[in-house]
Amino acid sequence: MKAYQRKLDIRNGCVDLSHGSGGRAMAQLISGLFHEAFGNEWLARGNDQSAFDVGAGRMVMTTDGYVVSPLFFPGGNIGSLAVHGTVNDIAMAGARPLYLSASFIIEEGFRFADLKMIAESMGEAARTADVHIVTGDTKVVERGKADGLFISTAGVGVVPHGLDLSAENARVGDRVLISGTLGDHGVAIMSKRQNLAFETEIVSDSAALNDLVAKMVEAGGRGIRLMRDPTRGGLAATLNEIAQQSDLGFHLREEAIPLKPGVAAACELLGLDPLHVANEGKLVAIVAPENAAPVLAAMRAHPLGRDAADIGEAVADDHHFVQMATSFGGGRIVDWPSGEQLPRIC
Amino acid sequence: MKAYQRKLDIRNGCVDLSHGSGGRAMAQLISGLFHEAFGNEWLARGNDQSAFDVGAGRMVMTTDGYVVSPLFFPGGNIGSLAVHGTVNDIAMAGARPLYLSASFIIEEGFRFADLKMIAESMGEAARTADVHIVTGDTKVVERGKADGLFISTAGVGVVPHGLDLSAENARVGDRVLISGTLGDHGVAIMSKRQNLAFETEIVSDSAALNDLVAKMVEAGGRGIRLMRDPTRGGLAATLNEIAQQSDLGFHLREEAIPLKPGVAAACELLGLDPLHVANEGKLVAIVAPENAAPVLAAMRAHPLGRDAADIGEAVADDHHFVQMATSFGGGRIVDWPSGEQLPRIC
Amino acid sequence: MKYADEFRDKEIALGLAKTIRAEADPQKLYRFMEFCGGHTHAISRYGLEDMLPKNVRMIHGPGCPVCVLPAGRIDMAIRLAERPDVILCVYGDLMRVPGSQGTSLLKAKARGADIRMVYSTIDAIRIAEDNPGREVVFFAIGFETTTPPTAVMIRLAEKKQLENFTVFCNHVLTPPAMQNILESPDIRNIGRVEIDGFVGPAHVSTIIGTAPYEFFAEEFGKPVVIAGFEPLDMMQAILMLVRQVNEDRHEVENQYSRAVNRDGNLRAKEEVSDIFELRDQFEWRGLGQVPYSGLKLKRPYAIYDAEVRFDMHELRVDDNPACECGAILRGVKKPVDCKLFGTVCTPETPIGSCMVSSEGACAAHWTHGRFRDHQQRRVS
Amino acid sequence: MKYADEFRDKEIALGLAKTIRAEADPQKLYRFMEFCGGHTHAISRYGLEDMLPKNVRMIHGPGCPVCVLPAGRIDMAIRLAERPDVILCVYGDLMRVPGSQGTSLLKAKARGADIRMVYSTIDAIRIAEDNPGREVVFFAIGFETTTPPTAVMIRLAEKKQLENFTVFCNHVLTPPAMQNILESPDIRNIGRVEIDGFVGPAHVSTIIGTAPYEFFAEEFGKPVVIAGFEPLDMMQAILMLVRQVNEDRHEVENQYSRAVNRDGNLRAKEEVSDIFELRDQFEWRGLGQVPYSGLKLKRPYAIYDAEVRFDMHELRVDDNPACECGAILRGVKKPVDCKLFGTVCTPETPIGSCMVSSEGACAAHWTHGRFRDHQQRRVS
Amino acid sequence: MCLAIPAEVTKLLPDEMAIVSIDGVSKEISVALIENLAVGDYVIIHVGYALTKIDPEEAMRTLELLRELSAEGQGAAS
Amino acid sequence: MCLAIPAEVTKLLPDEMAIVSIDGVSKEISVALIENLAVGDYVIIHVGYALTKIDPEEAMRTLELLRELSAEGQGAAS
């Protein structure tokens, strides 16, 4: 391509409406900022779509929109999150994530410097997860019509032969494994919200779990019934969903659930249940009892599963309750979160 | 699934923050509104990703974000547009679109009734285009942090063996074919913008072009070098892009370019160049000269290509100019649009 | 967490449970009301019910200031927030509380009212400073615990000479409500279950002290034990109540001595009495009008009173007649006795006060205890 | 489009081109300035240059009110728009016009200034009515064509008693600018190309009529032909100018008689003279200070004058010294003679007035005519 | 400068407003600057205002003249 | 009701504010309601205000009593 007039002023410049209007300014933003950060052969061809070869088999596809606020948080930013989240939804099917697409919706006035940092985080997250961002789109909306930046990523991957992980696959007697401590992402985010502002060492757990999943599949094979990443709504929402879809219930042991003291403290401060708080680098696996031990061992051998734990089992229950033996010695339900997670005073 | 408490009040209700927070309200919105509208076996399984079988070969993937305002416009709405646009980007590779994902970013206060209409339009557009919306995501942001509704769709499809359409493939001497009248979508949208408000019979051309493309590929085979849908930035941006990527220039004949009188009039009124105005159901095909006639015939035989025309040719040009012989008899450049398309007074 | 974890010890709990079982007379029924939602929450959160003998039964009182706020006051707040000049600042708990006809602050916000969630009254002051052209109203709710922070905020607004700042005051008092439960005329319709003792408020008592309960224990002949919100605090208090009943005493005892004394927080009480005065009566959702149970701003502080500045008029909304909250709060019925429980009425779409916050009797049972209604086998 | 399509007829054009070629003396050079950007646009849009003989050369004048607005006035507008109380209403053309240091209204908007694009002055009135708590300022620009709509709007604001509405007036007049081109002292530095005749404004003349050019034709001895903006209008006017030159006449002729007469639009002129008066001088980008070339609001309308209400101070920004606009506007140089053309200066990032709107000489050449600089073969 | 196009008046409205039509595109404009306007008249519109009426006879005369001038050229050397 | 948790005062700030810490989570709160506060004290915090100081001796005494009462049960019939 011939040089476009002046270079983007990354340090001081910001996105304006001309960067979304299909003219030279947009082409410059895309090639000068996004392609540079994601750099790969597919984007370089400059088409509105990208092509790749696949072998015959089973593929999975997923999408998620990222609207996190603040955009930068301890442990990551919206860019790395947008890669991890979508990679993880692919990985939860036991699949190997391959290609991602990225759709950017940018509010006018957004600083190039921030956009570049975010794009670079995406590029790095993609390289680490061994996936490629092969196609994308950029829209710019007027000030006040977005919240800085939204990213929607979609992803595709391939499932190893014979693997069919799905929410209806849990069976009574299956074990519930969790890959590590809960609530880190949600607490890291909340610590930076203006009205809550508290200080904590907790950083988001945002990470790509595909490699961990590969090791688990190796160890557990078809004994793994299903996996899910407990994001919005936390472990509570995830297990309630699975209970409904698999038509059973769960019994958990609170003592077994890994939780950082700082996360517990922040949740007490805000009146939130850590089981309702979002995670972005954790997974729940429902595993046949005979495979639980090897899968758990494989998890613990992986850096992202060091704190993995067996936290309970699937039980027959027409009411689909997720019950929990509290660490105090009683029993309770772990219900869906109701509505937005708001800090409580009561 | 067990019944969720009260039904969504589609007629009077609206989205609030609880519909994006991972709890029961969100599950209800998704199953009660989106799944109903898109209804298919993949969504019914309720996973965070969907799996499907593919044969070995070449696949394409694309994404686009839709931020159109107003959301409802003559000839469609953001929902049908989000399907057509992504289907078309797949089709432009000569591929058969198969599966779509949909990411919704919704501003709190958005009316269920509107959301339902939009979802139903998406479902219908998908059925017409013979694609399936197999996975999705819903986020809700605070009032003032979005513009009602944004949709990002991604899509995958398969390319027939031996076809490799790409922007760098144009050759000197190739013909430039366009599938119909230009500017209909942009003018239909602008006619409903508050400050421009004019009345016109023009409706958006928003449509899925995959069937048209299939017929063209049948007729033209590998003589089709590349196709592109002239969306944002219009025909001007599309041809300038291709000129740069294929390292050549174009010569167009203005007389040959199909244009509705109402579109021409609206553009004169606003001081816009119709070649800069967006289309959502048109394609440009760069075709080897010997294949141009059969491809054009195939286009004209299709309802979406009735007004197809041969509007010019690719020429050698180090400067990558898109030149045009005006209908008045002179010559001019058809340049990229510069910045946002703003109505002019001068 | 120091001063919390120690009071959640499972081993101590197991022994304490045995002590309670040993001391509770199997021939007797012990019906204790925990007034506070904090205690209700602890019971359900830690599964305390599973650790008490069957004849020790806890009755969940009306002690959640969010739950007891009547729909009419929510409607008033919504009407205020819908004014384009107004920014309404609220504690997060209030967002889902139902007003009339299925409305709520959450829905009003979705429809365009400028409603901001705050964590502290100090945030509300900051919002007022940041928005000089707008009217910032703080939606004040809460018992004696939450009132002093509102008082401090009004002092601060005075000091900063904020002219765009007012308070919509909904502060209420606990002793009149406890009294109402035992003697309100409604009891004739609802019936009454004998209450054998009260677990008294924890954090309310840090402010008002234990003295105010003395009249109460004497007048009604009921034992009262002030208890902390940790589960061992609760169990100890229950044991103390069992002992009082067994010994036929009705005294005020203080289990929560690490934070509560007889006089309370004098400085806080003084701030409150400087700024607030009693209303003749105030409506409690589930209880109806309760005399001398609510606070309003004193005359000299009327410029900070949103009800004065915006000429707000009392709105009254009848409670849903099918809602059994009144009977539940008085121990006559249980949540499952209500036809609406878990069908029309859930935490997502609460109908009555007991379902509104996670500390209401119905919400606590729905969220944490419901499995017991269908119990096939015990979680262990 | 009636009254437009007929005047774009290719067949007539071909004959007319031949007539011009036949009548233009090959020994002579005909240098005609079209004052108006509308004419410049028609030339480039329809490729008129390809239809004229080589010795008939068009010089693109300063006739685009957007282009000639100096950077200082843009800076003033941005400073105003950055006030949180102000909503600035502008015609879309203005958004990309450069102020100092690479700024523009588009960028100011991106950084948070509340700037609204309007199509008509009537929209600005509506915005003022819809935002009673804000100050709505209309950024008025334009020649005699665009001034009457501003006048009507001020009348309307008066009638509606709008108190939050003002006008930032930048209206300018064409005859003083035409005069400046021929006699300004700058010419000594820039040098001058002889201009043999003027294509006179089309729509400006619908308002002011042809009379004002009579003094001009006489004083400077230059033929003037008022022409419509359609390409055949232009070609006819060029033929008429060729004939005047050949016959050594210097008259005002009216090619655009279907819309223009000698007196113009009396009602519009009256509205304008009621409300506006001349400034002593006004800066034009590319031309510098031009005496009696700008308008301001008369004293009785000062309450609608943003410069008065907001105590705005004139900001002066020097033009980029490398920019050759001054010479280009006077016909001494061509866009390609400027070192910045197409490198630093493009329509996306314009440096000088001639690149600002699509009607500027440099922008028109970049956008539509550039291929001729590298022409290998003729488009046909 | 001064983008303006011819449009037909199709309806007169109160408050000196009118509807004009251009090849099926219709728009509300102000006619406050025009006297004696009738439906069927053509006006030149600019920034939502009619600037002047078009004189149909003059238009026809110009067009005839254009044809003549063109014919002169066609008759002349090619 | 009245969500409140124990926190350690780690720093006193001007304007009757202070920093408290709970297991590594620290937060700025108002201590306008408390007299004679020192770093190292534990307070009960509620809606960003300290309501009262915790008396460490009373806490220890309660805990001892709890252990005794528990031991009574452990000694009693199982």
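First chain written, first letter: the chains are A, B, C, D, E and F, and each begins at residue 1.
By our rule, a residue touches a chain if its C-beta (ideal position, glycine included) is under 8 Å from a C-beta of that chain, and two chains touch if they have at least 3 such contacts.
All values derive from a computational prediction rather than experimental measurement.
Following the contact convention of this document, B, D is the list of chains adjacent to both chain A and chain E. In summary, the chains found to touch both chain C and chain E are B. A comparison of the B-E and A-C interfaces places the larger number of contacting C-beta pairs at A-C. A turn of 180° superposes the CA atoms of chain C on those of chain D, with the angle given to the nearest 5. Copies chain A and chain B of the same chain sequence form an interface built mainly from equivalent positions, shared numbers / all numbers used being over half.
When chain centres are set by their Cα atoms, the one at the greatest distance from chain D is F. Across the assembly, the mean Cα position most removed from that of chain E is the one of F.
Centre-to-centre separation of chain E and chain F, using mean CA positions: 84 Å.
Averaging C-alpha coordinates per chain places the centre of chain B 55 Å away from that of chain C. For the pair chain C and chain F, the distance between mean C-alpha positions equals 21 Å. Put simply, the C-alpha centre of chain B and that of chain D have 37 angstrom between them. Residue positions of chain E touching 2 or more other chains: 1-3, 5, 22-23, 46-47. For chain B, residues touching at least two other chains, in rising order: 17-18, 23-25, 261, 264-265, 268, 271, 338-340, 344-346.
Shown for chain C are the residues that touch two or more other chains, namely 1, 4, 13-14, 17, 37-38, 64-66, 91, 96, 106, 119, 123, 142, 146, 346, 348, 359. Here the touching chains pair up as A-B, A-C, A-D, A-F, B-C, B-D, B-E, C-F, D-E. In the complex of the two chains, the chain F residues touching chain A come out as 1-3, 5, 22-28, 45-47. Chain A meets chain F in the complex at residues 191, 197-201, 261-262, 264-266, 268-269, 271, 344-346. Chain A meets chain B in the complex at residues 1-2, 17-18, 20-27, 45-67, 89-90, 92-93, 95, 99, 101-105, 134-139, 141-142, 144-147, 150, 152, 154, 156, 159, 164, 166-168, 228-229, 231-234, 237, 241, 244-245, 278, 320, 336-341.
Chain C makes touch with chain A in their complex at residues 1, 4, 8, 10, 13-14, 17, 37-38, 44-51, 64-66, 91-93, 95-96, 106, 116-119, 123, 142, 146, 231, 346-348, 357-359, 366-372, 374, 376, 378-380. Within the complex formed with chain C, the chain A residues making contact are 195-196, 251, 261, 264-265, 268, 270-271, 317-319, 321, 323-333, 335, 338-340, 342-346.
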